[in-house]
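My structure is below; once you've seen it, I'll send some questions.
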Amino acid sequence: MSIRAAIVGPTGYTSLWLIRLLLKHPGVDITYLASRREEETNIAEEFPELLGRCEMVCRPIDPAAIADEADVAFLCVPHRTGMAVVPDLLDAGVRVVDYSADYRLKDVALYEDTYGVDHTDAGNIAHAAYGLPELFPDEIPTAKLVANPGCYPTCATLGIAPLLDKQLVKPTDMVVSAVTGVSGAGRSLSQGYHFPEMNEAFRPYAAGNHRHQPEMKQVLDQFTGQSSELLFVPHVAPLTAGMLATIYLQPADQVTEEDCYAAFEDAYAGKPFVRVRADLPDVKHVVNTNYCDVAVRIAAGKVMVFAAIDNMMKGASSQAVQNMNLMFDQEETAGLL
Amino acid sequence: MSIRAAIVGPTGYTSLWLIRLLLKHPGVDITYLASRREEETNIAEEFPELLGRCEMVCRPIDPAAIADEADVAFLCVPHRTGMAVVPDLLDAGVRVVDYSADYRLKDVALYEDTYGVDHTDAGNIAHAAYGLPELFPDEIPTAKLVANPGCYPTCATLGIAPLLDKQLVKPTDMVVSAVTGVSGAGRSLSQGYHFPEMNEAFRPYAAGNHRHQPEMKQVLDQFTGQSSELLFVPHVAPLTAGMLATIYLQPADQVTEEDCYAAFEDAYAGKPFVRVRADLPDVKHVVNTNYCDVAVRIAAGKVMVFAAIDNMMKGASSQAVQNMNLMFDQEETAGLL
Amino acid sequence: MSIRAAIVGPTGYTSLWLIRLLLKHPGVDITYLASRREEETNIAEEFPELLGRCEMVCRPIDPAAIADEADVAFLCVPHRTGMAVVPDLLDAGVRVVDYSADYRLKDVALYEDTYGVDHTDAGNIAHAAYGLPELFPDEIPTAKLVANPGCYPTCATLGIAPLLDKQLVKPTDMVVSAVTGVSGAGRSLSQGYHFPEMNEAFRPYAAGNHRHQPEMKQVLDQFTGQSSELLFVPHVAPLTAGMLATIYLQPADQVTEEDCYAAFEDAYAGKPFVRVRADLPDVKHVVNTNYCDVAVRIAAGKVMVFAAIDNMMKGASSQAVQNMNLMFDQEETAGLL
Amino acid sequence: MSIRAAIVGPTGYTSLWLIRLLLKHPGVDITYLASRREEETNIAEEFPELLGRCEMVCRPIDPAAIADEADVAFLCVPHRTGMAVVPDLLDAGVRVVDYSADYRLKDVALYEDTYGVDHTDAGNIAHAAYGLPELFPDEIPTAKLVANPGCYPTCATLGIAPLLDKQLVKPTDMVVSAVTGVSGAGRSLSQGYHFPEMNEAFRPYAAGNHRHQPEMKQVLDQFTGQSSELLFVPHVAPLTAGMLATIYLQPADQVTEEDCYAAFEDAYAGKPFVRVRADLPDVKHVVNTNYCDVAVRIAAGKVMVFAAIDNMMKGASSQAVQNMNLMFDQEETAGLL
């Protein structure tokens, strides 16, 4: 019997990638597309590639109706919209994978400071599992609500956490210098992402003040038992999808590349979606997959970690499916290999 | 003594390309940027590449003020805006190179039908020179008003006119299958030109009903003495700039490639900006230049012509500069090689 | 029980795309990679994206060994190599899907003239099914040898055949103006496909003399009962994958767009991989799928057909899988949706 | 009277960019193209964009012949080739701008260790001026031999030197995380730069062991009076040209962004080709120019500097022209604005 899935916010990119995945998933049916748009939209008109594959009409965001037809709701929505619909969906008995940032940060004040809004559902934060299965496998299977991680925190913390956990690097003076494809900026139009201005361009943005920096720090603090010190600088490259984090760390004494590789091999043994590589990663090798590729080098007194994912896949929708698989007792890899 | 140039509509792409050209032109000073925007805009904030190179503030579109400070006005504007400002500029004594379509079509009814608006300055159409110097050199030098041609008509007619002129091909059943870079769609935002939707995409549009089709026909009719029959189908490719027209023509009897090449060599002898090539053109070879590259092949009973330009240069701004050079008795190539 | 598949010529792009497909196919195991390379190659070193997914070592092209381990061999090889291995593979009892051109053209003399080599296995040409299931479904299921079609013939003939079949267009004076992504040129290096020379480039090649032109004609002749007259001009665009054919046809009398759409709907009813579209196709909408999208317009006395495929999928490897599905009594869509 | 320029190694990308610049330069004539190729090559066949613009035939690398026809030779060659031709050119009386690495490093042993070859002309190293005019203006005007800097050292040290000079940052624990366009890898073919493998790709390379790291260190040591400690990690992005360095530095006590900007403004006052920006740089804004754009931010206890150039222009050929202008008493900006 298939899992019945609803998608809230179906007209953005993360939803499109999710629909592609669910159409290929052997154990899932998409049953409900829920949108705030007033006019009814056939999703195949919004995304012409879906002609003949998924021609559902978007319906209102009605938790009771969703609960009638779906076991799980994927919320492909920005912050604020997550907490606007989560309580009613949970009350109606629908399990939720929330792409928004609303239940990721455990510290409400930090959330409110970072996102500049009041949190309207703080009570559910404690019940949300952080959906990064390679680092936090325990709570996801039984969670009613999974906070699907940010793309940058996924990429960066998979590259750092095993080294912190084994105390091979110091929890201070960490630098995450990362690059994303343009899909990470979403489907809404803006001048900087107009083709002629993004093509043949490369630029940093939000240097040192990106909202994913506190999320990374929260994850890493759980491996250090102390407050981590981290600087995160994102850049955008003319790619549709893909993400690479180049991470500069201070080694503990006497650390070798072999030590670091051993820590990765140990942390990711039995984890099907992290590939510890001898060669350096390339976003090309992970695009359209749920893999995170990691490699490490030591030079000039620094440990360098390179971690690559597809920002729309392991950074968003395939990770959401991985979480759903775990929540519904499916093979973790179902529909993802 | 330098030519003083005003630019009306300075915040679009054709203006940016024009500013780049005029900054390098040895005989021109940019003296006035005129915009409909209400707030004052420093053009270097609009286009950060201009920092330190051109930091003028946009001023109102005031014909008298423009006339005080400029000898020529480049109108980097869409249809309707051209005819809205041309009469007053001409009255004020400013010579005009108009990028809009408003003075290109000699037949007012055809213009009104094609663009879906009434023409408000039909009287000046007859006084406008069509600014394609390789085909119509005579009127430009003395014109007060030059209608700068469309990008597609420039590219296609430079490839067809010499063959029609020598009666090597028939004026019927002509097909122009062309491709443009995305800058041709302008700087205004739209979903189809958002980077993730244009990258790795290729598509036709306006098949058989593009507004440049009547303009092409008007040009070609002057070489046939009869009504030409033409189908024009544009496509867009993931390029910032560039244009290639692949043109399928019916040969007259006994026509050879040598005949066609001879016609091109004859038509473009002494024309510095058309290069008749033995090899096939590539938009790569003309981007950032004022060149039009043409080549011809015969196979399967058809004459094929390939013509390549940079849509923003020979298709817009460098052709505008070429026209200005001719209007102000400069070397035709000044600032363009 | 899974179909056991061998791949001959595993280090090219079509093989990489095939491996991706077969790894996801629920009913196939890859059992043998056969290469002419002298040193043993781990395919995951050749294609780093395959790390942890497919790390098989390439072995010699040994028909007996292949027959021991495989039910079907996909020949991802160029012309000449196909006929060099097909006879022994068939003799050994392996069914074959041959990507090379060697068994596509039924006329040996035409093959030899087109490819400039002698055919060394002409006897098997008659036994080869042409693997374009939407047009020629009958012979594939029982064939020992399927000639997988060229990418351009697949794209173009799916757009033309139904109109010829219903006599809505004339079999003369047909023009196929097409565009491919760069993967179509293969994995071997050449200056024109070096990134800095292909990026921001667009160009025609082999105008009127491409080897796929006779193959298209052969397909179309079967729908006209006479010799078709066709001109084919390919171009290359800066895309990894994708193909669009813009086809210019002479209508029979009184033909309407509705007639053409009716012919398409009729021809492709029940065909899961051709999508007859009201809007114009975009390669973006078919990339990474086995779909062919078609649309039609009439203007200026011409019927225009637009057909889009992924050149590496429906133009090569997903079509090969579709053929394999039919040969081995699987669902036609298995592993392809 | 024009400067007569020879180009040695004319068939690579840096030469193509140089030819473009020299053709537009008002005070230079290209008089000699010198190549090791045995057959005579018309440069317009090698680079089809030069048809009608520069159709010179390459001649042998004959110092006496070059001296007869040229005042300056640009050596667009890799390491080893520079020192193979420099002595004879200098002896023949030709002044040289050498793009190779052979005269950049002042320490012969470090050169030999870094490049893995013996230096065959160590005596001339001391006479070579390091051609980064904004940092080392004094020796260039009178030098017979200018070592044109590496692209990465140009970009990175323009971003770091003023801060070191004012002791605003520490000379230890510096990280340069940089990105280049693909032209930086040269025109020779390799699998990783084949279009389908570079398109939609992004990857690090030579992490911590790139040959430009010692060159950067040598430059910076001149501003610190001690041995600098630096880690350099390059990446390649799917751009034809452009380079961005994101630089992570340890601030001295109490340093503010204002202090850093003041240091930049002071260092680059009167330098026409460095633009100190308030907003963050984008390679888009410097491509096809000789500009270096720099900006600075402080966050999380780090000083971040962002520096952008065009790797083929300020990183190679326009910097070479800037050096030539200074050597021949031209305006520093001649042919470059």
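Structure notes:
Chains: A, B, C and D, in written order; residue numbering restarts at 1 for each.
The rule is short, and it goes like this: a contact is a pair of C-beta atoms (placed from the backbone, for glycine too) under 8 Å apart; a residue touches a chain by one contact, two chains touch by 3 or more.
Please read these numbers as outputs of a predicted model, since none were measured by experiment.
Interface comparison, B-D versus B-C: the pair with the greater number of contacting C-beta pairs is B-C. Chain B and chain D have centres, each the mean of its CA atoms, that are 37 Å apart.
With each centre defined as the average position of its C-alpha atoms, the distance from chain A to chain B rounds to 46 Å.
Spacing of chain B relative to chain C, judged by their CA centroids, is 40 angstrom.
Each of residues 200, 238-241, 282, 284 in chain D touches at least two other chains. Shown here, the protein chains touch in all possible pairs. Chain C meets chain B in the complex at residues 173, 175, 177, 179, 197, 200-205, 207-209, 229-231, 233, 235, 237-242, 244, 246, 248, 280-284, 287, 297-302, 304, 306. Contacts from chain C toward chain A in the complex involve residues 23-24, 26, 48-49, 51-53, 200, 272, 275, 277, 279, 282, 284-286, 288-289, 291, 293, 337. Those residues of chain D that touch chain C in the shared complex are 13, 181-183, 187, 189-191, 193-196, 198-200, 238-241.
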